[in-house]
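In what follows, chain A forms one complex with chain B and a second complex with chain C.
Take a look at the complex of A and B:
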């Protein structure tokens, strides 16, 4: 009884026990680049159904950019990645005022691999 | 450091506080469907259910853009609903706060830019806040409303400075 009143006092509602909790651990939220172990296989780019991940190639470096404005949070990129360089988190609060903030970029470290492919 | 639960529980109280500070009154929202799959619309509906219940904090969904301060647009704008979106935008009273809800409204999402889909609300009308997600959780939408109020405060402050 005392716990119940305490809970109502805390959450200021009686309809739900756990109000507005954090998203569950397995909730598919914001995908992030975690490590530098990207091998440049481009599996994430080809598997993305919304084409949210793109590769920008210069002479010296390559950059992977991921746009949350297009991402549908399916998690296929994280599933396809062999080295777990891209992972899904349960963060879901992504509202922004400008569209440029919705794009994250990552300097890729596989420039050598790509040039080797070109030579062949 | 507060736990995530306390933070999100505070979010709606913060919303009420900010609304009183910025607008001085309650906030009325008109929902515009510009060709969405209804996923985002259901998440918006949950804002008024007994669990989230933001109506008791002074946010209301109205049936006419003439009564609304804010437009919530879902869906990448399709060719046929472009006209509806423009008409609704013109009919809305100032401030015309536009919040793009969902991946389609933010940047095209699954459909992208095709002959029948414009790929984003910002191609047609100016957007205050982008809320990505497919669909975004109701908490994310509440955060989006908060950010829109921030943006409105900034813009109105700049306007006042220019007048002087």
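Take a look at the complex of A and C:
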């Protein structure tokens, strides 16, 4: 009994208050588009297990769109991307005020995307 | 050793005589015996009873579009030879029956009922005709693992055929519990037949979370199949992904680089650590010892945060890739692991001292839920539950994988088989795991962490295995001609251990059931798939 009380006294309460800081460096959080190097090869789209990345094709422009609402933060897209146009960050704060803000888009390099688009 | 295995195999062939149609090697560690289905019970009983092979897994496969037959594979593990013998038999689709092995070999019970449900191959003479995987309201003539059953087919529900043990005496009270429980646990329906407070018999109805993962995996490219394999279970995620990757690597004849093997071993031990420490804490909930629960949860959290810092994921997902590992560690992570583990070791020792010196805790755990060695052997129980009952099986030692042949460790075995023994096994294994990690830290080789996989041979099978925190997990894999999964069978530790729980519960009081159940710490998701 005395041991128990000593242990509780030593560890204080079990619920610890941690300051809200950055997630660990290696934590797989929000993926972002980082450069203009997207070649439109669609490797990220086909490899995404949650189908969070889609190709939006308009008449004369094409964009790749990523939805954080569907993303499961596995990091496979970043691993597949040959030009590192998409990368994983350790950002975990994802709340937005509107649903539309959960989707980010990126214009793909036009010429290459057209050929890729035809194959689909 | 090589020579002795050959001699041993040819001696076995002589003893079995013309019961074996052919015998061929499948990789370095497996020999496949083709037998007629009428000889199946004799050959299996011979391997199990005479030759002391362990029934490792059993797989049914629809191979009608390869050669026109269904196939059954009974895999036996011979730990002293580090070799597997697979008894294979072909079944004509016009007569989809086979003689049951279960009467002589009780461990085959579930496997054969599963084959009946999912492939429509009927084990004749099987003592239990009830459905297992698919519940009684699933149409009897629909078998989802057959290749002609489309993935998106919706089965109509029929009048339920579920039945439980009937009791004639009015003195027996039936207590149905679940599938929805008070705590946040997985679904299972338990029906106790109790006399007063004492449990006479327990019917455990599982497979509420059968998601058809094996069917869903068929036709998937291997990378996606690995991704799905990792999601079979939350707390053994790494064991499942490692087992799957090993099956694919064995099929491709690839040896992963030493650094990748060491890192896999490291993370597998980290998985065992957070599970075992969390489980020791959770056991305390079985008798309301709140300090133990909180301390266990606190240490588990410390370890999961370590996982997050080192691997990027608290449950160690997404770190295995086919042919190696996706992440590497630097000096900084090494220091972090050593520092955190030395803290956890000290704190865990204090928790254990508190628990084992607590009279009420000891009173509740000792002699509760005894699983006898005889039952454990007959049901081929694995993992913590087996070792607590005096059955010394640990696939890390018996058939080493990753870098387990490079480290020395002791496999704790207790004889009593009660809740306390199972807790003691976990406590001992925590200390062993920490010792293994210390050895790995000292001898971590440098070099690559990945070898690319060549195209895999179609319609050949291979197995991958792993000692998950709950016991050995086996993944059996066959790849089709287009490098996608043709058949995939997961036999998790819980699948082997669940049938033992009703035996351990018998004769105990109903309030002890949660404690006994927790001491086995079986996962439903792994079992149901």
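We take it that the second predicted complex is superposed on the first by the 90 of 120 C-alpha atoms of A that agree within 3 Å, B and C clash if a C-alpha of one lies under 4 Å from a C-alpha of the other, contacts with A are read in each partner's own complex, and residues count from 1 in each chain.
Just so we're on the same page, contacts are C-beta pairs under 8 Å (C-beta built on N, C-alpha and C of every residue); 3 or more make two chains touch, one makes a residue touch a chain.
These numbers were taken from a predicted model, which means no experiment stands behind them.
Within the superposed three-chain model, A:22 lies in touch with chain B and out of touch with chain C [touch as defined at top]. Residue contacts after overlaying the shared chain place A:8 against chain C, while chain B stays out of touching range.
By the document's definition of touching, neither partner reaches A:32: not chain B, not chain C.
Once chain A of one complex is fitted onto chain A of the other, the partner contacts of A:45 are absent, as it touches neither chain B nor chain C.
Looking at the shared chain after the overlay, A:79 reaches chain C, while chain B stays out of its contact range.
When the shared chain is aligned, no partner comes close enough to touch A:55: not chain B, not chain C. In the superposition on chain A, contact of A:96 is made with chain B only, not with chain C. Judged by the number of chain A residues each one touches, B leads among chain B and chain C. Contacts of A:104 after superposition on the shared chain: neither chain B nor chain C is touched. In the superposition on chain A, the residues of chain A touched by chain B in one structure and by chain C in the other are 11, 23, 49, 74. Those residues of chain B that touch chain A in the shared complex are 4-5, 8-9, 11-12, 50-53, 103, 106-110, 112, 120, 122, 128-134, 136-137, 139-140, 143-144, 147, 150-151. Residues 3-4, 7-8, 11, 14, 23-28, 47, 49, 74-76, 79 of chain A touch chain C in their complex. The part of chain C that touches chain A in the complex is made up of residues 223-224, 227, 291, 294-295, 297-298, 305, 308-313, 317-318, 326-327, 350, 353-354, 357-358. Residues 10-13, 15-16, 18-23, 49-51, 67-74, 92-99, 102 of chain A touch chain B in their complex.
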